[in-house]
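Heads up, the next two complexes both have chain A, just with different partners, chain B and then chain C.
Presenting the complex of A and B:
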């Protein structure tokens, strides 16, 4: 067994708003090995970003971790003081965000913003930090980094800004990089470049990655293991192979069916998942997906299903896997060898 | 930068020229003159006075003569104070006003901005509520009420502060607060709302994700962005505060520039009225220029020079 870097156990995070407790994450468990890339997939409001912000302990008021453990290198981050977290953030766990256009401070140079993390965590002098910043910019593929280091963010294009964000995140060789929708705001050609860069740097710097996205194509490209989240819960977990070619949860199947594909031609329409996600202010008692699930049974509404294990690494929270459940065969249309 | 400055200085001069022209003709369009009295002076005396101050010449000639004076920084003699030139009035009054005003501006910056920041950081907590109540009072209470209250409470009742004159630092406290109270409150509110907006920005989250301390996140990343609207308010405010306030100077009996503003209008003291107006206008456009240059330093997206 490979060494575990991160082990999230039964994480529950809620937002205590004036209308009540919004249970954004309702008991999420997963683990990540050293050097592994894990994808977290789900639609808006499924709790994937809140999970990542919980790991960073950067939840905005009124969000709070209610229960659970986040073991990072064997130590529970939930119990760590804010001061201790500051020495971990940007140093051992780094993060890049969705919108590179707004994620960099417009009034400081790009170099300044890279140097900041280096000076903070590695205690380098300003000159050395600047040298390192230039190195990082070169590493992420910014042309003539010696000049670009003194540019302001508005002088960078969107793709370059995301590269700069990656440079900031990786400047202290973190053990874990959390990328929250890193390509969503970029156009398609740039998306591919950024993903290539991330894959490449993952090897070079030996960083583990958690890639959060709603784009199944993106995870397929980068991640070896995938978690599918819905309604604040992990619906299904498996290797990329298992999730794409042998999905066990109707929600995963629904997601796969709704990917636009060229090979279907113009006649076939995309199959959306009907309905809308559950209100986490009053989360349903049973399976959160039951209301939208075409195969829902009575028990699905009444009781939340446990995890059924297909094999050691492949689990699904669905009553259909119970031995008494009817056999459901679904054709998602995802075939090997077709992009 | 050089070209930018040249362009701006030219447009400043045009602005000043327009201010002079409009004020000059408006002033002369108002009925009455410097020598109009309730009990009229004998016509012979008026004639002699008008001849002395060249008011008997055609208006356009007076205007041209005045412009000639302005170009050589000669603002002429006062019509009401015999033997005193407008230049002397300004040279005597402005330092007094500026002393109080400078203190006021420091007060606005050093108290207003931190209060706004604290308020934003403690949004909806008691600290925020206290600051906002005070700031609302500060914005709504007129300076003459504030000045009177300060004299009543701190001079008359408590005896902590002198009530009038300007001979020690203690004398400055009352006028400084009365003069800067509004701007201080306004800046606190402005900083607060601007800060609240900036703290929601993605780059603040990035800064936190880098492991920076809250002090650096707020003091470096948030504050510089939050100050952009504050700077644009502060520029013209500095001009207004430094050139004095009639009300505050009157109440605290301070011999500043402010009283000349109002008295010259009532007295139809043409040269003083023009001189003080030009001085204020010149100061204002200069401050606005400085603000625009400062912008370039604070926000690199605004390029000074294009």
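Presenting the complex of A and C:
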């Protein structure tokens, strides 16, 4: 049995706005083993970013963790003080954000920003930290790092800034790296560079990764296990193969059918998921996907389904898997080996 | 391509669009960003022409120059036999009715102070197409056409989701019964499950109304899905034009090949087995593009000739056009 690094238990996070409580995350549980790459997919508003911000305890007012535990190396982060979190953030858990344009400080050099984490957490001298910063820039593939270390962020291109972000994140060899849409703002050729870099570094440093994205292609490439989120809940969890080839939740199936495949010849009409996501100010009582689900039954609207386990690691929150459920002809996911 | 073809709706010939960038405090020396630099292509009636490329390659500028949101620096834009490039605004008006545009950001492209009915009605008023009850009926009909309903006409844009707003933008474009619609990244701001809704609707409308589309996007999977023919742009130049199937099965330009190989496929076994060709470096600055072939700085096949001579876009058979010296052999 692999060692558990992170264990999120029944996490609930809400935003207390002036119009009411927006229940962004409504009871999310998952765990992550050492050295594993976990993908969290979902649309905007599904709660995937709020989950990661909760783990980092970087929620901004009026957001608050309402309930649940976040066990990191066995210790509950929810109970930790801000001071303690500061020694964990950037040191044991690091994060890469979506927009490399706004996540670097424009008035400090890139080198200073990498050194900041190193000096703070590892207590190195300035000279040694700078040496380390240059090493990190080299590791993430920035050409002539000795010169680049003194550049300001505006002198870097988008892809280079994201590399610099990764250099900062990895400078203290974190156990866990959370990457929130790390390639969404980048062009495809640059995205390919960054994904290759992340896969490569994962092997080299043996960091666990949580990759948050809406792009199913990206998770298929990088992650071994995938969580599909919708309406603040985990709809389905399984290995990449299970999620893509044998999805058990109608939402996962819907997602897979609504995207065009580049590598397949035939032009089939896309099958969209009709309707739009639920309003989390007034989340539905039953399954959040019921209103858009082609297989919805009466019980789906009335009661939220529990998780049904296909096997130990593959679970789905859907009444269709109940033994009394009618045997509907459910279309499956991607057919294996078409291409 | 220079043959007389009655089927051609839009012809773009040697189109250039330069933006001046003033250097120096007193504005002495002027440099130009060559956003679009000598591109030629045509779009047939009733087809969807996809334009892809990375940010800064000039694809949106091309769209905006065709519709004359920007003035043409040089070259011709021939729409249904008429040269739009040098027309005055008053002469352009009848063509403004025939060419419409759908924008990327459904939050920024609708006036927040106007009701949906008025947003859709505005082009009808400008072109004096209908008034009173008839105008109202057209608006209701358009709303239903794009999957909304009559009651939505009195609401304001903020009451709608991103996907619904994009539908309103499409209804506005359709209000003047255009022949040609420029879709500038119409789905990139939408969620995955909503994208398919909008794309299917665009396809249905095209069939029903005989529309021609210029579909500008950076998402190659979606462009391949919707387009009949595709043009690939790089740094203001057209690198390759081919039918969408041919472009994906037989890409000839090294840039197209790299672009295609960079896209992760939503299928774990396929995407992990794929030999990915990762392009080194970044796109050079359009202020100071490389000499010769603009892609040569990132091209693994680059030869001495590539730095000296700029490759011309040449037909390599069946309308498949490529601008690359490798094709000369």
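Keep in mind that, in the parts below, the second predicted complex is superposed on the first by the 325 of 339 C-alpha atoms of A that agree within 3 Å, B and C clash if a C-alpha of one lies under 4 Å from a C-alpha of the other, contacts with A are read in each partner's own complex, and residues count from 1 in each chain.
Here is the rule we use: contacts are C-beta pairs under 8 Å (C-beta built on N, C-alpha and C of every residue); 3 or more make two chains touch, one makes a residue touch a chain.
As the structure is a prediction and not an experimental result, all values here were calculated from the model.
Student: So if we stack both complexes on chain A, do chain B and chain C clash, or do they fit?
Tutor: Superposition check on chain A shows chain B and chain C fit without a clash.
Student: Examine A:192 and indicate which partner it touches, taking first as chain B and second as chain C; both and neither are also allowed.
Tutor: A:192 sits against chain C, while chain B stays out of touch.
Student: Counting only touches as set out at the top, which of chain B and chain C does A:79 meet: first, second, both, neither?
Tutor: neither
Student: Could you look at A:99 and tell me whether it touches chain B, chain C, both or neither (first, second, both, neither)?
Tutor: In the superposed model, A:99 contacts chain B only, not chain C.
Student: Could you figure out whether chain B or chain C reaches more residues of chain A?
Tutor: So, of the two partners, C touches more residues of chain A.
Student: Using the touch definition from the top, say if A:241 reaches chain B (first), chain C (second), both or neither.
Tutor: second
Student: Which partner does A:270 contact after superposing on A: first (chain B), second (chain C), both, neither?
Tutor: The answer is second: A:270 touches chain C but not chain B.
Student: In the superposed arrangement, which partner chain does A:18 touch: chain B (first), chain C (second), both, or neither?
Tutor: After superposition on chain A, A:18 lies in contact with neither partner.
Student: What is the value, to the nearest 10 degrees, of the angle subtended at the Cα centroid of chain A by the Cα centroids of chain B and chain C?
Tutor: Approximately 70 degrees at the chain A centre.
Student: Note down the smallest distance between any C-alpha of chain B and any C-alpha of chain C in the overlay, whole angstrom.
Tutor: Nearest C-alpha pair, chain B versus chain C: 6 Å apart.
Student: So which bits of chain A does chain B touch that chain C touches too?
Tutor: Overlap of chain B and chain C footprints on chain A: empty.
Student: So in the complex, the part of chain A that touches chain C is made up of which residues?
Tutor: Its residues touching chain C are 43-44, 157-160, 187-193, 195-196, 214-218, 220-221, 240-241, 244, 254-256, 258-263, 265, 267, 269-274, 276-277, 334, 336-339.
Student: Which residues of chain C touch chain A in the complex?
Tutor: Touch list, chain C to chain A: 54-55, 161, 163-164, 191-197, 199-200, 203, 218, 220-222, 224-225, 245, 248-249, 258-272, 276, 278-280, 282-283.
Student: In their complex, what parts of chain B are in touch with chain A?
Tutor: The contact residues of chain B facing chain A are 201-203, 205-213, 221, 224-225, 298-301.
Student: Of all residues in chain A, which touch chain B in the complex?
Tutor: 56, 58, 85-91, 94-95, 97, 99, 102-109, 113, 116-117, 120-121, 152, 154, 165, 168
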